[in-house]
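Lettered A, B, C and D in written order, each chain numbered from 1.
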Amino acid sequence: MPKLEDYRGQIPAWCPGCGNFGILKTFKEALVELEIEPYQIIIVSGIGQAGKLPHYLKCNTFNGLHGRTLPVATGIRLTNHEMLVIAVAGDGDCYGEGGNHLLHAMRRNINVKLFVHDNQIYGLTKGQASPTSMEGMVTKNQPFGVLSEQLNPVALGVALDCSFVARSFSGDGEHLKEMMKQAIKHKGFALLDIFQPCVVFNKVNTHEWYKQRVYHIEPEYNPEDRIEAFKRALEWGDRIPIGVIYRNNRPIMEERIPIIKDSPLLRQPLDASKTETALREFY
Amino acid sequence: MPKLEDYRGQIPAWCPGCGNFGILKTFKEALVELEIEPYQIIIVSGIGQAGKLPHYLKCNTFNGLHGRTLPVATGIRLTNHEMLVIAVAGDGDCYGEGGNHLLHAMRRNINVKLFVHDNQIYGLTKGQASPTSMEGMVTKNQPFGVLSEQLNPVALGVALDCSFVARSFSGDGEHLKEMMKQAIKHKGFALLDIFQPCVVFNKVNTHEWYKQRVYHIEPEYNPEDRIEAFKRALEWGDRIPIGVIYRNNRPIMEERIPIIKDSPLLRQPLDASKTETALREFY
Amino acid sequence: MDYSIKIGGEAGQGIQTIGDTLSKVFSRAGYHVFTHQDYESRIRGGHNFYQIRFSDKPVSSSREKIDILVALDKASIHLHEREITDGGQIVYDSTTLRQKYERSEFLDVPFMDLAKESGGSKIMANTVAVGSVLGMLGMNLEILSNILKDTFKKKGEEVIRANENAAQAGHDYAIKQCLKCSFSVAPKGPPRMLISGVEAIAVGAYSAGCKFYSAYPMTPSTGIMIYLNSKIREFGVLVEQAEDEIAAINMALGASFAGVRAMTGTSGGGFALMVEGLSLAAMTETPIVIALGQRPGPATGFPTRTEQGELLFALHAAHGEFPRIVFTPGTPEQAFFLTNKAFDLAEKYQVPAFILFDQYLADSEWTFEEFNLEKIRYQDYRLRGEAFRSLQEYKRHAFTENGISPLGVPGDAKHLVVTDSDEHDEEGHIVEDAETRVRMVEKRLLKKLPLIREEIEPPFLYGNSDPEIVITGFGSTFGVLKEAVDHLSGKREIAFLHFTEISPFPLTEKFDYIKILKGAKITICVENNATGQFARMVRSETGHLFDEHIRKNDGRPFLLEELIGELDAKVGRL
Amino acid sequence: MDYSIKIGGEAGQGIQTIGDTLSKVFSRAGYHVFTHQDYESRIRGGHNFYQIRFSDKPVSSSREKIDILVALDKASIHLHEREITDGGQIVYDSTTLRQKYERSEFLDVPFMDLAKESGGSKIMANTVAVGSVLGMLGMNLEILSNILKDTFKKKGEEVIRANENAAQAGHDYAIKQCLKCSFSVAPKGPPRMLISGVEAIAVGAYSAGCKFYSAYPMTPSTGIMIYLNSKIREFGVLVEQAEDEIAAINMALGASFAGVRAMTGTSGGGFALMVEGLSLAAMTETPIVIALGQRPGPATGFPTRTEQGELLFALHAAHGEFPRIVFTPGTPEQAFFLTNKAFDLAEKYQVPAFILFDQYLADSEWTFEEFNLEKIRYQDYRLRGEAFRSLQEYKRHAFTENGISPLGVPGDAKHLVVTDSDEHDEEGHIVEDAETRVRMVEKRLLKKLPLIREEIEPPFLYGNSDPEIVITGFGSTFGVLKEAVDHLSGKREIAFLHFTEISPFPLTEKFDYIKILKGAKITICVENNATGQFARMVRSETGHLFDEHIRKNDGRPFLLEELIGELDAKVGRL
């Protein structure tokens, strides 16, 4: 039975008031309540403020490159599908630099959980626009305001038939915890986009801004209806839905590969004799 | 007034019976009917069988890298938005290797046309699965069949609010020509996914296969309705819609950049005196 | 006996089937075989050829002259007829080529018609062609029919018999019609194994316990992935086709971090996209093997041709400083054992290791009596299961005497395995301080490098042991250089220095190759590129400046006579 | 007069504002100023510092000792108090630090309270700090209040006056309380320009007619993009933030192909992703300039620190063989003119050109009297409009005497501009044949390379013209090496050889620097890395082996006394 203290990690290098603190706290609670021990999970993170998270708790950690969390996580899961593998990334990290991997991880339906700290800005590099920054937002690097349409990760997930698509808010701990738990328990690739105020660089999407707009999706809502899900995914503005937007039960990739059906790749011994057998075929 | 002969290029290195021949022929006709002269267009192509197309007609050509047509095309348009810029790519090229650029080109709504020769296979590299290969298809490189869910470029386009999303078929010249014309005339980023049988490596999605399934979207259909568009985009199987699936009139990026409003970047002279002015500010 | 056969025609005409079948017949007959392929970046049409050389003595290169040309199209004739030896023959089918050649060196065999008559279908025309070549050589069809049995096992008796008949028809026709055929082959011997570079790399990887291979298709490395997939159930090596090369290397790193030996393969353009991942492997000390198949660049260049133009790129790719292992095999046998060794060292020292090859080595087939499997290395250097659990404490990047930290498998013990692409402390957590940085660089780089260098074998000296002429090369030029030296050594005190383990650059303790170079009157560096990359490397590593250079950068390999000619010109003045 | 001031504290406390303001005061006062910044990869907290050195004599490095420490937190005191010179002072605010230091070198100025009282808000505490430092130095506030006027122009009179009062309060308080302050500054002179490395690169790009800049944010190159955006309306340089570095370089190539001068900027990790694009630039002969800002690797490494660890990577990145230009400026002035020259040569020869800098040069500010704008080069080598239209025929990759083919602007004429990443013919269409390949390599590489080499300036020799000791370096170590040599030249015949134009490597015609090296008793190579990359390069280019090496790889730059000490140790034996 893990305790919260078991998850105490390094002292965060985040700014006071940063939404990441809420995510960190909730994440630890979720893991403890799911009775997962630190050694039973591997977190793959990228580079950015979000990417620092695994250092601030206790877990097996591969803090890799900016934008490349999902391929690493995929390689890990294909090798050891008995481990819980969670990818933690920023919005720039996985929707900008790493956008292509997101598309294909969703297609594979590899059983990896992607938690996105979506502050709609590049935090660690000091406030340039990210793919989720709102149109018109002016930054030092977007003097005419953001000209591209804001990327909608939730709609993207529905379009790619991602097996679990949810959204939450760092300021709503209970909800976030529930989403994290569902994502972890869901069998399949899970995209959890988490609104996370950046108190230093994003003066538009503040804690207040989110607080006033987010609403909990009503319980009657059926996340298995893809068209309804797409409608929900498009809601933005005065009211922004948080909760599970879309879900399906596609088989996961790990189970579709016959050679790892019986035991994880990691556990399979090398049969040296097969080298000889193989070479004999060349005669 | 350009004539078809003006567009005669090198002899294609494609296989006899390849769907690319139909696309090439139709493309020339479309350009001639639109009265576009070869020197008035720049085609940016990638690497693959599709990428060879510009060599087989006459036009300004940047045959770049595998997967990188859109960034090059974007750079060209931002520099000279008086030119017609068309990106020609394969399904592996722009949905696989170059997937990230597609997401962001759609967001920018840069006025580039993307024609995808979608043969649902990697042709030039001899028959590995592509992102649009159908689940279960067995290839030399997918011994257990394709495990990933087929990427749906049309649904992706609708989800990203791509300003023009259409699909056609190399075997339906009239329809394809119409789609090409509309894409070219449309003001904004246009994604045109073209079914293109690969007679050598794709034994599933043959000319016949497409012929039996594709149907013309009825004229009453309103491509401006995003939800309806999403529904259409999901149609696959016995009946596959071809035509304009989604369209909107978002402003194009080129028009939103004040410094190139009056004249293209290409035409703007260098004002040497400003170097001095700028340096003076450092005193 | 030293015969060369060239099969020429368009892509898609079955050149490869004919070539592969013939080389198999020769290798099973116990002959030494060397083949090389020349093809364009297209699937149908154009002009490709497949060249086979076989002999009762060892052969390791292609020659300029050919004894039998199998011409599947007209182009093959006008492109290659001047390569025919006197006494050589061009075999073709006048009906398919719609042209009749009267000259005596032409042999018109109605491949198509014989196929229809004897086999019942024109798709067997290629089998007829194979049969007729064997007929011209005066060989019987015993071996061929065994091969046909293997090939068409799944297709059933019917097909097998039909093909046998087709082969027989071609064979008998050739014997009857080829009055000028004066070929005589040596007596058969025990079958030899016939294997190509990519196949050898793939089996070598398996022999080293490789369990995961992720890649994005790219000539000339695709063959590795295809071979591993063809053996997926036997080997159980999980092969994943990634969405791009960035994903390919990062997936392999994930697999390696999770606890298995992992590999990726590509060519220069794809490797360019893996460079950041290479740097990640170095910083996180995650073992990985990269098979890098060179082709002529820059950019897309000649996608299906050969060059040694990525040497300095492979040596210096990626930001930051770290040790890397680079092997440049010259034969499939070397490719097999060096791939095996690359995995061993990559894991032992937790560094990236390269197999740097090229299209020429990738597609060329060589014959061998056997590989001495005694030489295979396999030791599991990872910290797993009980051994891991029993530890008191664990730090992934612990400072140690030799700089090697314990490589734990995450999840096997309660100890956490933490690593980071940022500079980190022993536990793997981000740091900013100078002291830790200095110690980590010392650990990762300065301590490990000399140890890895100890593992490196010196170059291979062939020929005179106190030569006045030293020819130097690396990688795929091995075979042609060896034969050239054989040819020249009669007249001169010549030797050949071949490098296969080039990074870290070999010490001179085990063998003082510098002395050999310094002692020679003339040293020549032979490279399949335009700028002499290996010569540059040798200068920066040893200070030695070569007197002469022979370079080739037209996308084609050196042919034996061509190289001998160039060498003669260079050493003429001696 | 030669004073060093260090402002230390947490990220977000305003260290940069204080530092920038003070350095501006000093440069406007006509002093020589050198600043350098040390910060962590975080936005708040941790420990950062900003070091300013100013003097009436030229200064170009940071010293170990400091005269005034402005401590915004306790950590700054315990980390830096031992750096204080005797007579030096530590100024701090005991209320903010919640601690009182009694020792005589401490000066407690209530920044916060004075800000509230005089300025009306504690956000002006930093202005109070600036005022008090000037008070300690015995300088008046004339220049400062002008600076405050500029800074707060938009904010209005109110804010300006409030800040002036705050500054005054700090100033007067310091004068009254700092009894031990014995600083005396030299008389003022005409204002000097104060500019950093990244600013100089950005203005240099504009001076060369750069019209397009696409990049993905990455320290330490982001400053170039931010500066260009701050001048977007004046300069009209279109800046596009790409989705990733692959897009960044490909967009720049698109812009260049379309007819404008284009640039991208990044650091090692981002450049790793641009490598394939670099190769594309080479094959398509599309001009491009790449600003590559080095930071300690591998991988993410130390994102905000400095190293010279990407030299060999920049020199050898990308598959295939092609000429590239690499410049390594040592000062902002060199950065300005070399960026200008890089654009000129990149377009003239249609090759990629690099500005290889590092975080140290990027963020350091230097003072100059002025840049001699006469030296700016600008010539449009492209084929445009009428000139293009009037041509009879046009081939993008035409074979020419010097290998340079006409660079036409697509759309300007009816002639088609066609290029390809595959090997191509003169018109730009795909080919497969050996002959064209050989001629294209000759054109692209073998003909152009010597011509580009002719354009390269030899290294800069400083000090004794017939030295027995030669210290060699490249790039950002220029300033500290120069001062070290000044310091040592009294006792010894010493000189300093600094390389700023390193690829193609300079000829010895204009200046025989090899002779200087060979003639010296001892040659020392100083590099900010662990493996001596520049020394390797010099050996492979010239054969010269350095006798001694001084290397630093802790992510920090060389400090003056530190380097002098190491040099003394090396030359001691002379």
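Everything that follows uses one rule, which is that contacts are C-beta pairs under 8 Å (C-beta built on N, C-alpha and C of every residue); 3 or more make two chains touch, one makes a residue touch a chain.
Keep in mind that what you see is a predicted model, and the values were worked out from it rather than measured.
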item	value
Pair with more cross-chain C-beta pairs in contact, given B-C and B-D	B-D
Chain whose Cα centroid lies at the greatest distance from that of chain B	D
Between chain A and chain D, centroid-to-centroid distance (C-alpha), Å	37
Whole-Å gap separating chain A and chain C, where each centre is the average of the chain's CA atoms	41
Residues within chain A bordering two or more other chains	13, 47, 65, 96-97, 99-100, 103-104, 131, 144, 257-258
Chain D: positions in contact with at least two other chains	40-41, 46, 232, 243-244, 246, 269, 276, 280, 284, 299-300, 303, 420-422
Contact footprint of chain A on chain C as seen in their complex	27-28, 191-195, 199, 203, 206-207, 209, 211-212, 214, 231-236, 238, 240, 242-244, 246-248, 250-260, 262, 276-277, 280, 284, 370-371, 373, 376, 378, 409-411, 413-422, 428-430
Residues of chain B defined as touching chain A within the complex	95-100, 103-104, 107-109, 131, 144, 147-152, 155-156, 158-161, 226-227, 230-231, 233-234, 250, 253, 256-258
Touching residues on chain B, where the partner in the complex is chain D	10, 13, 37-40, 42, 44, 47, 52, 54-55, 58-65, 68, 70-80, 82-83, 100-101, 103-104, 257-260, 265-266, 268, 270, 272, 274-279, 282-283
Contacting residues of chain C [partner chain D, same complex]	40-41, 46, 246, 267-269, 271-273, 275-276, 278-280, 282-284, 294, 296-303, 307, 309-310, 312-313, 315-322, 420-423, 432, 434-435, 437-438, 441, 445-446, 529-531, 533, 536-537, 539-540, 543, 545, 553-556
Chain B contact footprint on chain C (complex, rising order)	12, 40-46, 216-219, 222, 225-226, 229-230, 232, 239, 241, 243-244, 269, 299-300, 303
